[in-house]
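What follows are several structures.
Next, two complexes with subunit A in common: one pairs it with subunit B, the other with subunit C.
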Partner chain A sequence: MSLAQELTFDTYDEAVESYLDRGWTDGLPIVPPTPEKVAAFLDYAGLSADEVLGHVPTREVTVNAEHVAVNAVMAGCKVEYMPVVAAAARALLEEKANCHSTTGTLSGAAHAVIVNGPIRNELDINCKAGCFGPGWRANATIGRAVRLVARNVCRAIPGFLDRATYSTPARYSFCFGENEEDSPWTPLHVERGFAPEQSTVTLHSVMYMTSARDSASRDPAGVLDSISRTVRAMGVTGDRWLGKDTNVVLVMGMEHMRYFAEAGWSKKQMREYLFPKLTAPSGKGESPVRLGKDDGILIVAAGGHGMSETWVLHPHLAWAITKPIDLA
Partner chain B sequence: MRDAIEMEWSGVPSVAIIHEAMRGSANSMRRLSGVPDYDFITVDYPHIPTAVWSDDEVREVAKEVAPKVVAALVKNRG
Partner chain C sequence: MARNGSDRIVTLDPTSGPLDRKDQRKFPERRETLDGAVIGLIANGLGITEKLMDALYEELEKEAELIGAVKVLKSSVSVPPEPADWERLTSEVTVAITGFGG
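Entry: the complex of A and B
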């Protein structure tokens, strides 16, 4: 049974304009969440409308499945995306995802939704060239749905509880998959304890994104040294509450990845090499890297051929959360 | 703001010190927490909102806000 207030409009355009006027969107038009569509999304994911996916206690917010389905429809998702959006919402509402802070911060942190497992191919989630940008419906609308949940349900409204000084275009949508097929490594979700055939989302707060661009190095150590310099320039945040649960995500593209494949380096070896370099005391022009343990370094294979670079997703004050995608 | 409110709920007298730039969010938070009249005090420019202040600046702010903290604590008790 629906818990939502029902509104009636005479035309599609009237509905879209009304949602924009009421401040229920990210500034872009939405797909009207008709009761039939919302019910279909819930049914596909095997969720009842009142199933609680999590809370933001500091904001007196409880997020239920219907809230998420409404926003997934609004974002333009296909019904098949609903289990991914629900898993991402559950991740956002985990305590150490720190929803209150990561959606309210002056720094305007975004959230990267990183998808692993077979569902990437089933839904055509881009993991390769252009995976951070537009052009793929699944990437665009899953990421958008998570942001609409943050805005419309978790009260992260600019000027209200979202106090971003600039905010970021990544807050419109930021979702990509790990390129497991071209990667020589154990996928992220398997490293975090899931079976290879279990699809997952990993939600990572992103305060800054910087590119470790290095076309000169031709070996793993050289590339990792460049990455280390890039991470250390901006640092990794942490606080007493998070303790050792801090992390940074390194998204390594095809050009850098092949040196590790040729040399047979695992992600574990990369972390062991990087951790002492990253956490050495910061010097002039550097910021502290508050990583508490080497498995706080999350390495993800994604991106296309061309530029020799690895993207560093510096976190806000949160631990990246991985959740299984439950298929009904 | 919410930290101060939750401390009050747990029985610890508290007051939030908010930068003037955050007044709107502080107001929103006390409203949605159901205590729209819960008092808070503000620090204003030239002190920057992120509180990355020199030791001297910290002392200056402390002198400025200490009496307000006491007054707010007394008022919140009333």
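Entry: the complex of A and C
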């Protein structure tokens, strides 16, 4: 028995057009969420329709599992993706993920869904070349589902509670995995306290994305100095409420990563090198980097060969949240 | 594809409810004058909002006989004022001014 109101249509196309007309999509067509499909998604994830995944108190919104399943179907997810989407929704609804502010802000922040653990390979979540872009159903639809939940359930509707001045294409979908197989480092989720075999989602708000491109440096210090300059140009935001819980995500590609592998640098060593450089008082042309602690620097191995760059995901006012992906 | 008895497609509403939910709270009546008013100034913690609110109060003082101000500096745009600040705002203030954005 569904909790949501049922609608009826004469044809598939009529249903798709109606959802577009009602403002229930991101502007792209959706898969009609039939009660049978939604029930299958819930069953796969071992969730009951009324299981509460979280709240947005300022909007007087409670998000239940059925809300998330309906939007996951609409996004084009396979049933196997539902546990990932549910974990990401739980992360979005954690207090310090700051759903209200990150989805309402004038800055148009997006959310990166970063997947770790065995489920990346089981679902074919791209972690390598092209992982920020189109072409992989899991990346595309999991990220889209999270955004549809923000829009339809959490009411982050452009012009209503989404007040973005420009918004960003990353709000259509932004999901990728960590390339654990080619990485010399401890995976993100293990650094954050999970077992290697536990699949997880880390949700990080993204106000800006900038590329620290450096094809000249041939050693870890040189690469990290370039990254530091890039981070300091745009800064890292924070406030009294977040306190020390601020972070920045560095997505390091293969060309930069190999210098660290060759030199035997761990993520911990990288953070220890970067933290004082990042948090030194800002100068002309720089913005404050309000990182409260060095483990606020999250390093993720992802991307392909060729371009010597590391992408910096500057946060909005939120702490990146990692949640386990619960498989029924 | 789910179809009912007349072969129509059945789907589910993806929202958490209508946007125009009835709200029992009402706006207070607009005051004719600020003479005799205590002004609440709620700065959201971004940039120089505290200075902005102070400057705004100075301008209002030129226009009306104000009794005073209750100033609140929130710790973030993301959170409401602290309970103690709410108490002061609701018990002492005649008119409150705030803003949003960042």
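Quick note on the criterion: the second predicted complex is superposed on the first by the 328 of 328 C-alpha atoms of A that agree within 3 Å, B and C clash if a C-alpha of one lies under 4 Å from a C-alpha of the other, contacts with A are read in each partner's own complex, and residues count from 1 in each chain.
Following the convention adopted for this analysis, a contact is a pair of C-beta atoms (placed from the backbone, for glycine too) under 8 Å apart; a residue touches a chain by one contact, two chains touch by 3 or more.
This structure is a prediction, so every number in the text was calculated from the model and none was measured.
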Following superposition onto subunit A, is the placement of subunit B relative to subunit C best described as a clash or a fit?
clash
Looking at the overlay, what does A:70 touch: subunit B (first), subunit C (second), both, or neither?
second
More subunit A residues in contact - subunit B or subunit C:
C
In the overlaid three-chain picture, which partner chain does A:105 touch, first (subunit B) or second (subunit C), both, or neither?
second
In the overlaid three-chain picture, which partner chain does A:160 touch, first (subunit B) or second (subunit C), both, or neither?
both
Check the residue A:138 against both partner chains and state whether it touches subunit B (first), subunit C (second), both, or neither.
neither
Now for A:47: first (subunit B), second (subunit C), both, or neither, which partner does it touch?
neither
Given the touch rule stated above, what does A:2 touch, subunit B (first), subunit C (second), both, or neither?
second
Counting only touches as set out at the top, which of subunit B and subunit C does A:91 meet: first, second, both, neither?
neither
Touching A:114 in the superposition: subunit B (first), subunit C (second), both, neither?
neither
With the two complexes superposed on chain A, say which partner A:251 touches: subunit B (first), subunit C (second), both, or neither.
neither
On subunit A, which stretch or stretches are contacted by subunit B in one complex as well as by subunit C in the other?
58, 100, 106, 155, 160, 163
So, in the complex, the side of subunit A touching subunit B is made of residues 58-60, 100, 104, 106, 155, 159-161, 163
Quick check on the complex: what are the subunit B residues that touch subunit A?
2, 6, 22, 24-25, 28-29, 32-34, 49-50
Listed in rising order, the residues of subunit C that touch subunit A in the complex are 1-2, 4, 8-16, 19, 45-46, 74-80, 100-102
Residue positions on subunit A within touch of subunit C in the complex are 2, 4-12, 14-15, 19, 24, 32-38, 58, 61-63, 66-67, 70-71, 74, 98, 100-101, 105-107, 148, 152-155, 157, 160, 163, 239-242, 317
